[in-house]
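Each structure below appears as structure tokens.
In the two complexes below, chain A is the common chain; its partner is chain B in one and chain C in the other.
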Partner chain A sequence: MILRKPSVLIFLSALALVTIVTTLMAQAGLVSTSFVKLLGKTLCLAIAALAMDLVWGFTGILSLGHFAFFGIGGYAIGMWLMWDRTENIVMPSLTGGPLPPTPFQIEEAIGTQIFGVVGSSDVPWLWSLAGSLPLQLAAAVLVPGLIALIFGWLAFRSRVTGVYLSILTQAGTLALSLWLFQNDSGLRGNNGLSGLQNIPGLRDVAQSVVSLWFLWASAIALALAYLIAAWTVSGRFGSVLRGIRDDEARVRFLGYEVEHYKLAVFTGTAMVTGLAGALYYPQAGIVNPAEIAPIASIYLAVWVAIGGRGRLYGAVIGAAVVSLASSWFTGGGAPAINLGFYVIKWTDWWLVLLGFSFVLVTLFAPKGLGGLVDLWTGRRARGIGPLGPDQGSLRGKEEVA
Partner chain B sequence: MTIPTERPAMTFARLLRCFLTCVCLALPAAAQDAGVQVLLQTYSDQIAKPSRQTIQPVLDALTSSGIPTMPDFLEAWADKRVVQRDADGAFFYGKREGDTWVLQSVEDGADAGTAARRDVSELKPNAGVRRLIATALVQFQLNDPDPARRLAALDSLSRSPSAKLLGPLRASIEAEDVPAIRARKIALDRLIAVQFGTDVETRLAAIDWMSDQLSLEARAALNRLLATELIVGSPPENANVARVLSVGKDISQTDALALLAAADILPPDVSRADRDAALIAAIADEHVAGTPVATLNTEAARWTAYETLAIAGQAPPRPAQNAVATLLERNPITEIYDEPDPILTAAAAAALAEVEARVARAQAFDLALDALSLASIYFLAAIGLAITFGVMGVINMAHGEFIMMGAYTGYVVQQIIPDKTLSLMVALPLAFAVAAAAGVALERLVIRHLAHRPLETLLATFGISVALQQIVKNVFGTQAVPLTSPDWLAGAWVLNDVVGISYIRIGIFMLATMFLALLVYILRRTRLGLEVRAVTQNPGMAASLGIDPDRVGMATFALGSGIAGVAGVAIGLFAQVTSEMGAGYIVQSFMTVVVGGVGSVFGTLAGAGLIGGLQKGIEWLNPSNTLAAQTYMILFIILFIQFRPRGIVAQKGRFAQ
Partner chain C sequence: MSALLEVSGVSKSFDGFKAIDNLSFSIGEVELRAVIGPNGAGKTTFMDLVTGKTRPDSGTIRYGSLSRSLTGMSEARIAQAGIGRKFQKPTVFEDQTVVENLVMALKSPRNPFSVLIRRPPQRDRAATLAEQIGLDDALDRRAGELSHGQKQWLEIGMLLAQEPRVLLVDEPAAGMTTAEREKTTQMLVDAARTRAVVVIEHDMDFVRRLNCRVTVLHEGCVLAEGPLDHVCADPRVIDVYLGRDDDA
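Take a look at the complex of A and B:
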């Protein structure tokens, strides 16, 4: 049923095409491993943007904290990656001794390796499950879900909406990142977790192959996330969400439990974002508290806004375009412009360009890049109307996925 | 080379000394004129070659001679400015000029001719002797006409207090005419009396006096008196017992066992490393004491194997785990005061408790001052945000960048005008103007076009904020730039040893008070204020009554942004001026606004007070970790919003539902 929607079909085909072409080109040696990784990471960011679009574009909750869930997912998977890799490193020297190692000794040795950098060798309780991949994967999903559930329940219950909610989520994100910055948080302070690109058990597999596996995993995850999101917003549930965005009070008067819907979307998207983070950070190689800082979550909102809120492919386009453009400009790919009296180096001026382009998009193209699709399909003209007193998105005639 | 020449000189000097002594005995009148020299000759050997062990009687004799110029000599001696003429052993003040010494009489400093370098020897007392001379000098310096030297003497006295100086110190109090020095003398007198007082009454009186004090010195003196040591087993008969420690509560079991081990009651604990070493050493034929090595892969198994080794005598025994409790019970650990008199220690403990209570009160007051100054900063940073939010209904994410622009304006002004006071006078209004202009530009170019779309305004102004930060970074560099405060703002107002507040913070408090008064005046007493309040409550109705909401919006934006610019100069004076400084304040400012209640000056004041107080309070509870303090504060605010979603001063009007 959902597959009959042309936008879903086109999206899935385009995604498959990009993945297959990249794989073939990588096999032929035409694109570098780092590009494959960049693409894989971008697909993970697109999943997070998709979740953000559900929360903001469809339900009208401008959460400035969703990237924190992404980071938590990364931390959860990173704990297993670091633990297992360190165990592989310390075991040979321990078993090489005259006495067989005791569990206590093993833990002590791993603890010294991992936490020596923050001046400790004790293993914090947070790490008690770090030896198990399934449990840490579950944590990557459940911990963001639990945090979102508690936070959302507190916030929605007392009817905190609009900018107040945005600021509250931002404050929560700031609190989390400040807590992680401490050395005694048990997560290595501002060093974060590093060396995550070395997957235990895949040591003999070349990074170029591992990166392709992750690209495929990310692509499949994005496809699934897109299907679930499209299915969510297509039915009655989706209509209620859009109703909440456009006029929350009216939906409440119609007898819907607005808080339950908001909480479901907030928690569900947090879990999806956590999973996306768990896929992203093994490709990025390092996760640290700076990733969770409030600004990252604002960027997430920026991607969705530039791509076009209230349409799922808009979020993906926004995340892909901004993230790829960002690495092109900051990676020194863009040529410097010589004005005679001043040379514009894009590594310095890219953020200025991004900042202003964001203002311009908000002012002149509130539908974002996704609006171009309307232009092309010719469904633009018939009265979008005034944008109205919204809680964050376009009112009325937006396209459902 | 020198030794052979010196010997005849010394003998000759002795002869001369005998001769001089004879002269003195014969002519008492001459002795008065030549007092110092004569006295010095009496101890010529000790003075020429002093040692720390033997010099004290000489110093006592010199200081008790009552000769008025004696302090000058002692000072010169300690400064290595005294020489002895080899020919006759006479002492002079000497100043070396090339190959000759210019000599001065030790009596009155009168010119005494010159001597060749070879004919005199310099006196070089070592450091230990110099310290003794300095202590001997203190009693003279205590009555020195120069207050600075009196203070220096008191400093040296407090560094090395001694019972001997108690008398001279007490005697000098009476004649002291500078109140501050007199107070210091009295304090020092009591401090020395506590430690060295000969009778209990004196010491009790001194302790009593200290219970009224706040100074670190007094606390240190009391603590010194209360110094203790730990004793295992029953204490000696006449010991002044402080308390019997209970294991697990006052002292950890590990520490207690270590003490018992040190007293040879228990064998010392065996560490895991020792155990493993013993096990490895005992490996024979894949077995340790009958246990296969492969099974030693748990801690318990290893300990069992070690016990077996110990029983077999192949390893030092471990303290028997089941006997530890009985042993601890049989050998109580007692804390004993070094001071034998229980009356004194009891009085000192009571005095210390009193002092500490007073210190705690002073610290609470100091904390309140800190919180107040932090609240002033938050108020200045947030008030502009609060009024623009109230009037326009939008959140300006670039507000922090207006703070940053103000600070950089101050920096640029200081580059042009070197005089710090003048540049500050120029920078404050200029920062207001620059930030206000930026605010008006932002309002006209961006925010006005996004009216009624608060979330999009939030994101658009965020874009501006990112761009502004990066532009400043590109222009001024990523390093922090200096914004120096004038000298008269640099110090701190110190009330006592505990309470002190820097002048900058007082200045910021005054600035905040000024803007509070100004804003209240504008909002309550002016036409603009009336219009602002009308637009805040109901923009549509206000417009229909002939108020131009656009104009009001622009005016409030100019005012709010301008205050942010002034706040930037103030913050830059004590914090680092970087392109990210505004971003550091923006979340705190939002919290202040949200907690206080949007659009209300007094709400913002309450919010700033709450957040400032809260932050300082949490930092006080957990001083080692300011990051954790911020985390807890934010969590508290999230909970606070649950109970008062519209802030402390809930606004009725546009956002009231």
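Take a look at the complex of A and C:
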């Protein structure tokens, strides 16, 4: 049913094409491992953007905290990655003695390795499940879900909407990142978790190969996320979401508990975003509190706005274009412009450029880059157009009748 | 005839202003009723109270054969219980098609889980309704493209789709052409054959055409009730409402 929609088919084909071509080029040595990683990471960011589009573009909740869920997913997977790798490192030295090491000795050795940077060797309670990949993967999904559920229940029940809700989500995100910055948070303070690109058990596999595996995993995850999102916004459920965005009081009088719908979408997208984070950070190699800072969540909203909210491919286009452009400009890819009296270095000026594009898109292309697709297909924009009581096209005909 | 909806002794004030003052009102299972009154008489507040948008300061609102109390129920629960409301200005979802609007309103489970998972085909049910409201050739047009009158009908269609037992309709004829008014009158009279319909209206000609009992509100309470001619002859009504040269 969903697979019959042209936009879904085109999107999945394009995604498959990009993934296959990149794989072939990587194996032929035409693109670098870091480019493969960049692409894999971008696909994960696109999943987060999809989630943001569901929350904001379809349901009308401008959450400025969704990237925190992404970071939490990264922390959850990062804990297992660090723990397991450190265990592999300390075990040889411990087993050298006459007696096999006790679990306590192992834990202390791992603790010293991991928490030495924050001047501690105790293993915080947060890490009690860190030795298990399935449990940490579950945490990457369930912790964001639980936080979103509690936050959402409190906020939506009190009918906090609009800009007030956005401010609340920002405040929550700020509180979380400030807590993570502390050395005694148990998550290594501003050092964050590092060395995440070294996957335990895959030490003998080259990064050039691991990066391709992650690219494929990210592509498959994005494809699934896209299908689920497209299915969610189709049919009556999608109608109700768009109804809530446009006139939530009216939806209530139709008998729908608006708060339940908002909570379902807020929580579901938080869980998907957490999972995307768990796929992203092993490719990035490091997760630290700066990733969770409020600005990251604002970027997420900017991607969706530039891509075009209220359409799923718009979110993906926005995330891909902006994050790839950002890497190009800040990674030294873009040549500096010498004006004679001043040299524009893009590492400094990229944010200015991004800011300008955001303003320009908001003013002149409110439908975003995704709106360009309309020009191509000739489809009339949803929700924007010469509508309204006095411009209905049947008005003239009616008066005659 | 037993009352389907019974409002008794309800008061509501906003910042000291008594919008509704000890109002009592009841309507039977199958009945068409017009509520008239000058601006500020509390007509819209009355609807807000019944549909759960505002809570009364005192008094009771009971509904159904079990006389369930509606005070304290959420808007969505009241709507699910069978009370439908039509707003003064047409509020349809302009961004969505006629079918989508109608399907959203169709009587069916409302909780997010079953709406997401269970997806029975409902286009036929929606199409049948669209025929009743004269929109069967506009099924896949977006509601925003419809004329003012068509939007009003779409909204009435959405109300019928909910299969409510009580229909509260706020100024349905506002901004309509004569032809559109006649059609709207017919829709409301038809709807009242099987349920209770309360029409709030300013327009006396429209009320006359409905040919039903009339309740006159004034300063938050009922001033008079009965057939239109009887009510119009009431000196108090003439004094506060009809005698004045306002938009009635």
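Rule of thumb we're sticking to: the second predicted complex is superposed on the first by the 381 of 401 C-alpha atoms of A that agree within 3 Å, B and C clash if a C-alpha of one lies under 4 Å from a C-alpha of the other, contacts with A are read in each partner's own complex, and residues count from 1 in each chain.
Methods note: a residue touches a chain if its C-beta (ideal position, glycine included) is under 8 Å from a C-beta of that chain, and two chains touch if they have at least 3 such contacts.
Just so you know, these numbers come straight off a predicted model, no measurement behind them.
Touch criterion not met for A:T42: it reaches neither chain B nor chain C. Contacts of A:F237 after superposition on the shared chain: chain C is touched, whereas chain B is not.
In the superposition on chain A, contact is made by A:A264 with chain C only, not with chain B. Set side by side, chain B and chain C differ in how many residues of chain A they touch, and the one touching more is B. Of the two partner chains placed around the shared chain by superposition, chain C is the only one that A:R252 touches, whereas chain B remains out of contact. Once chain A of one complex is fitted onto chain A of the other, the partner contacts of A:F358 are limited to chain B, with no touch recorded for chain C.
By the touch criterion stated above, A:P103 is placed in contact with chain B alone, chain C being left untouched. In the superposition on chain A, A:A305 contacts chain B only, with no contact to chain C. In the superposition on chain A, A:T86 contacts neither chain B nor chain C. Overlap of the chain B and chain C contact sets on chain A: residues 387-390, 392. Listing the residues of chain B that touch chain A in their complex gives 276, 279-280, 283, 293-294, 296-299, 302, 395, 446, 449-450, 452-456, 458-460, 462-471, 473-474, 583, 587, 590-591, 594, 625, 627-628, 630-631, 634-635, 637-639, 641-643, 645, 657. Against chain B, the residues of chain A that register as touching in their complex are 62, 97-104, 151, 154-155, 157-160, 162-164, 166-168, 170-172, 174-176, 178-179, 181-182, 184, 294-295, 298, 301-302, 305, 348-349, 351-352, 354-359, 362-363, 366, 387-392.
Residues 51, 53, 74-77, 79-80, 84-85, 87, 90-91, 93-96, 100-101, 103-105, 110-113, 115-116, 119, 122, 138, 142, 144-151, 158, 162, 175, 177, 179-180 of chain C touch chain A in their complex. Across the complex, chain C is touched by residues 232, 235-237, 239-240, 242-243, 246-247, 249-258, 260-261, 264, 382-383, 385, 387-390, 392-395, 398-399, 401 of chain A.
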